[in-house]
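Each structure below is given as structure tokens.
Below are two complexes that have chain A in common, paired first with chain B and then with chain C.
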Partner chain A sequence: MRTLVLLSDARHPVSGRPHLSRLETQAIGLAASLDPAARGLHAGSGEDAVRAGLGHGLAGLDVIETTGEADPLPALVGFLADALGGADAPELILAGRRGEGGFETGLVPYLVAERLGLPIVADAVAIRAGEMPGTLVVDQAMAKGARRRVTVRLPAVVTVHPLSPLPRPFAYGPMRRGRIRRHSPAAEQADLPAVAKMAGHGTVAGRAEDTGGTTVGPVDVVPADERPHRARPKLMRTSGTAAGGANLHVGPDPTEAARLILDYLEANGIRRYGKAPE
Partner chain B sequence: MTAAAFLPWLIVAMVVVAAVQIARRVILWRSGRPARVDWLAGLKALPRRYLVDVHHVVDRDRSASRMHVPTAGGLVLACALLVVGLVPAIAASRLYFGLVALAFLVMTAGVVLEVRRRYPRPLPRLSLGQWQKLPIPLGVFALGGFVTAFLASLGDPLPAVSILTLLLTTAAGLGLAGMAGHGPMRHALAGAAHLAAHPRPERFGGGRSTELRPIDLDAPGTGKLGAETPADFAWNRLLAFDACVQCGRCEAACPAFAAGQPLSPKHLIVDLAAAAGGGYAQPYAGNAYPNARPVGGAAGLHAPIVSPEGLVHPDTLWSCTTCRACVEECPMMIEHVDAIVDLRRFQTLERGAVPLKAEEPLANFRGADEPNGRALAERTDFAADLRLKVMKDGATAEILLWLGGAAFDLRGQRTLRALILALNAAGVEFAVLGEEERDCGDLARRLGDEATFQRLAKANVATLSQYRFSRILTADPHALHVLRNEYPAFGGSFDVVHHTAFLAEMVAAGRLAPAALTGKAVTYHDPCYLGRYNGEIEAPRALIDALGLERREMARSGRRSMCCGGGGGAPVTDIPGDTRIPDIRMGQASDTGARIVAVACPQCTAMLEGVTGERPEVRDVAELLWEAVQAGGRNEAAAVKAGEPA
Partner chain C sequence: MSRQRRDPRAERGIRTVESRARPRLDVARRESPAASGRLRRDPWREWAASLVDETYRKRYDRSQRQMSREDAARFLAARSDIEATAISPGQPALHVVEEPAFLIFAVIEATGGRLSRFDRQVFGAARLLADADAGGGAVVAITTGEIDGLGEAGADRMLALPSANGGQARAAALRHAVETLLPRHVIFAEDGDSADLARRLSVALGDDLMSGVEHLTARQAVRPIRNGAREIGLAPPRLMTIGEDRVKPYAAAPCEARPIDASDFEAGADPAILSSEIIPGDPASLALSETDFVVSAGNGVSDIAAFRELAAAMKGTPGASRVVCDAGLMPRSAQVGASGTVLAADCYFALGISGAPQHLQGIAGCEHVIAVNTDLHAAMIERAGLAIVQDAQLVMPALLALLRERGA
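Presenting the complex of A and B:
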């Protein structure tokens, strides 16, 4: 199964140096178990950090050289759209599930999937080829250790959860020998297929940048680990993973959906009395 | 013509047989990687290396030297004399045969001593099998040669007897020569060649050579990093493996073996020799690896050595603490640690096959230059109240204090604080690198991650070269070894001093006035990287003595000290055994009856303090000194007070 791993421009949590995100090393581990020829794809200004992917099991690396400030999304979408239309089209595109301190937002996998019109499955902890050719079985991590197995038709985008198997240890020799193919973004963007040009939905990037559609300001991302203390919602102990049948609403309009969700959260003490949690 | 007249021809035949046998090994050695060897100097130095350096090691086991000197001496002498006997005029002399008989007699005496070492029960570290049987052909050869030559010197009164003894001598002699390629007698030829072509000639003549050698990481092409197969070793390393006499001294000294981990340096060296030859010619008859993991046993010049299918299980490789006790004990001057690190390098650099727990510090090294994943800027946090001067802020100082990883560890911080306070008390001008100090890379290098080590070494050398200071002071023998002995290969030559030596200097110069800490018996545990790696065993003892403490020595101390189990990444590879190395070492410390184990290394402190139950207290020498200096200060204050008018 031809597999490609998206590699972001992450920062080491302690040193702040560019490094290969740990989630992506896990994604590489999953990729390499399916495809010994799995390749990495990175759009950015430097390859020093993502090169490490070659030492974790990638057979090759494609780097689209963009300037430091540029939004990588158009470059990625352009490259992927091209590749998907080509001979050795990737069937599976893996990515980490969230950003890790660099210029990444964690939204790229979703935006890539949307732009390319591919299905996306989040939070994989295990993947294997499905029984039917052209399908993939994904074990998704849910809250509290629950797992859900879904089968998805390829090509698809799958994001990887931190509870997926430990990455392969790094090996310097294979990294040194690994081949990096460099591409320039201009060429890729020029032949953006229609699907990728279907702009309009808010493209969110770390910085304001023309992404071929709307210009969006920087997103205010709250670092996940720095939430102030608050009382634990009482439901945390008892609730199941998947919503029960009584709470299943099919195709409600957005306002209605929002109200239903808020009601649900309030009823279970997760959100209190119409006040946003801090 | 007497039977003895055939003896010279027997020697010729033996030389031919041995040459054919050893030639097969020479072909194997030649398939190793090239190595630069100064043959001329090596051959010139050979007699001295053999008679002085080797004998010095052999002689630590008196029964061995008493056995080996007459056996080998008699054998070489008899053979040399007999070669002279090829001249017919000499062979006609009865006096000549008297001399030959004497040489054989000496050899016989040696063999008798060897028999006493092996029968009725051999030392447990010795190998059995062919080695156990070796005295038989040796004895028959020596005794047969003696009787034959002796009868000849008497004018051959009993021709029938001399023909019989000649036949026996011939059989035994050819048997011995036949062992020159695969049997025990290989050690004689390979051992001599190894002495001449030794990869670390600096070791001879009282020198020291303990640093690991860098490998070329950017070698053009797809060159393999580290050793995977026997052919990946330098040729003189292959030669070294063949020199092993299976005496088991290394095994008896090995802490991992003692703790029941699956490592015996002897077995490993014999395995490596066997691997080159495509497997065992004779079954290995020494102690098995403790708790041996099953292996497939596939061998060959180009077959992977370390793998569950090969000859050596990965757990064997990762059990080593790189303590060098084996190297210190080996009479054949074999470099076990070099071999182990070469094998590790391949596993780590090419396969990423490090033990699970060892990957974490290596990943931290790559990401944050620090094995515990701590921020470098936090290194001086423990001493926030001590106002350390930092080089980056323009400090100039006589002494650069290298804090090392201990600065991140609560226990290590106590030692460092004692050291810093003592430095302040002595009025030493010193500064630290602060956040510019990266880890020295010791752990990465011993785990085989040469790439990370070289990156850190270059970065640290670049940082250090910016500043002016005259010496680097450190309380960590691992950092000391790396900075002093391994950074020169990366362009950084520094004068590095260990805190025990420095503090001893301060006390000797009267800049610190420790009071006597009476009433406590102390035993000092030598850190491998200070004692064996750097030969520093006196200063810490002098310091302890200066504190007025009663010093007791453990059975293994000084350069022959036993490891605490903390080196070489062994704590992170964490290969299970029957017991733990620090428990064994702490037992030895308790046996002295001392109430305190004095240490001089943060690793030793951590390992020995991890021992549970009733045990002596673990104190760094710096802590003891600071306690004594404080006591001295109090005494002085009390004296001043007493002198004041009431």
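Presenting the complex of A and C:
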């Protein structure tokens, strides 16, 4: 299954230097388990951040050179639309669920999926090929350790959850051997309206028009409003029942104690244990 | 030039306040409002408003409302004819919005038909925006089925969208609802399916999404960017997801949660999703940091085999205090506390644990704590929401027997 991993321009949380985000390293691990020839795709001003992906299991890397903090979306969509129409069309596109070090909205994979008219499945912890050809089985992480197993038709976009398996260890040799292909965004960008039309999303094209074609997606950030972050305390979690007095039982009969405990658990919705006593 | 003489008697007269037993002087009272233009706090009135019930002993509930200026004004008006108990959280009245000036959608998950902490916080955020300034907004709970306690959580209306197969179909139904009812804000939890739905809706509407809001007031919403080094603050946009434990849940008078007719909102199926099934988590193999319910043994438990059996029967993840792990009775990965795992669980069941500070640090996030201990004065007994002073060796077999009897 031909697989492509979207690699963002992540920043290290402490040093602020470009690095490969851990989540995307996990995505590379998942991709490499499905496709030994998995490739990475990055739109940005250089490959410093994402080179390490080759050492974690990618066979090659495509870098679309865009300038500075330009929106990577048109470049990504243009490249992917070309690739999907080509001979070696990718079937699975993996991405992280949130970026790291940028605006961190997690919208890029959704926008890519919508522009290309592909389905998207979020928060994958495990993926494997489905029984029918052209399908994929994705395990989604849900609250409390539950998983949802969905089968999707390929091609599809899948975002990866931090609980997915640990990434493969880094190896220097493969990183040196890996081939990086560079592309310029100009030619591909011109294709965008056609792609948007092809996917049948009139809203997107309309929106691009009325903002003069410059805005390509929802971004809530006005760079001028940026300011240093102020840490705000989270809410305290306090014990459900206040005043231990009422709920203190000194020396109850063990059977009575057991009943109290199970009733407390059921009343607070923690667990259900079969039928309740009448 | 002559100055006007002060008349101390007249000044006293102005400042005297009515009170039950003896005359009281309010030395701070002025004829004109304070120069700052802000209303003064009246601590007497605040205390009176938080009086829960005046029985044998007075009981005040100060946790529920920090007196805001609007509240103070309301109580000022209310005090003359209603008793404090009538507006206290003890016996709250129903909050009804007949003709909403605008709508606010609160999209909740309520897994298993129950509102979670996070769901209540989403309602808290929605209520905050609905009641801001002049108020008059109505909070619409967007659910996928019947859920208890929506009114208490702060929902004026309830819209049960038909349950859909797959996120795309759910987003389409929600988009239809947003386009028909035109809410001023749509609020989601930055978690799981809600976060997914928010992004799908944002893309479908072509509208900005403010994700992971950390600080929310009626005037601005703030979220961190660039690995938490910087932040941005904007007037609350239409689509927002809020971070966990960032907004207080709603705690005043219950609302009515009147159902809205949802027959117009069709849910299709997502053609790309071929099948979907839910596999519940197995508590025995879950990591301590991921599970929702931990059954934990301390030095007071001598029969570890029975404890393991109990944890499995109660469908909880086994944990232990350091003493037990040091003794080699439980693996190190089961240790709860400062030098073990800090839990994110909802419930913690402690058997024979004294509650040393290093241990309590690990369970600071647990909402419900149950303690079984022979020592009435153990710190764990004080921390617990249900405290049982009894021998753990006797309670464990009793629990196992009762679980067997209930067929679990």
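In the analysis below, the second predicted complex is superposed on the first by the 190 of 278 C-alpha atoms of A that agree within 3 Å, B and C clash if a C-alpha of one lies under 4 Å from a C-alpha of the other, contacts with A are read in each partner's own complex, and residues count from 1 in each chain.
Basically, a contact is a pair of C-beta atoms (placed from the backbone, for glycine too) under 8 Å apart; a residue touches a chain by one contact, two chains touch by 3 or more.
Fair warning: this is a prediction, and the values are worked out from it, not measured in the lab.
Student: One more residue to check, A:37. First (chain B), second (chain C), both or neither?
Tutor: It touches nothing on chain B or chain C.
Student: Now for A:142: first (chain B), second (chain C), both, or neither, which partner does it touch?
Tutor: So A:142 only meets chain C here.
Student: Tell me the contact category for A:174 with respect to chain B and chain C: first, second, both or neither.
Tutor: Touch partner of A:174: chain B, not chain C.
Student: Scan A:123 for contacts with chain B and chain C and give back first, second, both or neither.
Tutor: second
Student: Return the chain, chain B or chain C, that is in touch with more residues of chain A.
Tutor: The partner with more contacted residues on chain A is C.
Student: Of the partners chain B and chain C, which touch A:55 in the superposed model: first, second, both, neither?
Tutor: It touches chain B, and chain C stays clear.
Student: Under the contact rule defined above, give the chain A residues that sit at the interface with chain B and also at the interface with chain C.
Tutor: Touching chain B in the first complex and chain C in the second, residues 12 of chain A appear in both lists.
Student: Can you name the residues of chain A that touch chain C in the complex?
Tutor: Residues 11-13, 16, 100-107, 110-111, 114, 119-123, 130, 132, 135, 139, 141-153, 156, 163, 203-204, 207, 217-222, 225-230, 232, 234-235, 237-242, 244, 247-252, 254-255, 257-262, 264-265, 268-271, 273-277 of chain A touch chain C in their complex.
Student: Name, in rising order, each residue of chain A that touches chain B in their complex.
Tutor: Listed in rising order, the residues of chain A that touch chain B are 12, 14-15, 17, 19, 52, 55-56, 166, 168-174, 176-177.
Student: Looking at the complex, which residues from chain C come into contact with chain A?
Tutor: Of all residues in chain C, those touching chain A are 63, 111-112, 114, 116-117, 121, 166-168, 191-193, 195-196, 199-200, 202-212, 214-215, 224-234, 237, 244-248, 270-283, 286, 290-293, 314-316, 346-347, 349, 364-370, 372, 376, 381-391, 394-395, 397-399, 401-403, 406-408.
Student: Which bits of chain B are touching chain A when the two form their complex?
Tutor: Its residues touching chain A are 217-218, 222, 224-225, 348-354, 356, 359, 362-364, 366-370, 373-376, 449-451.
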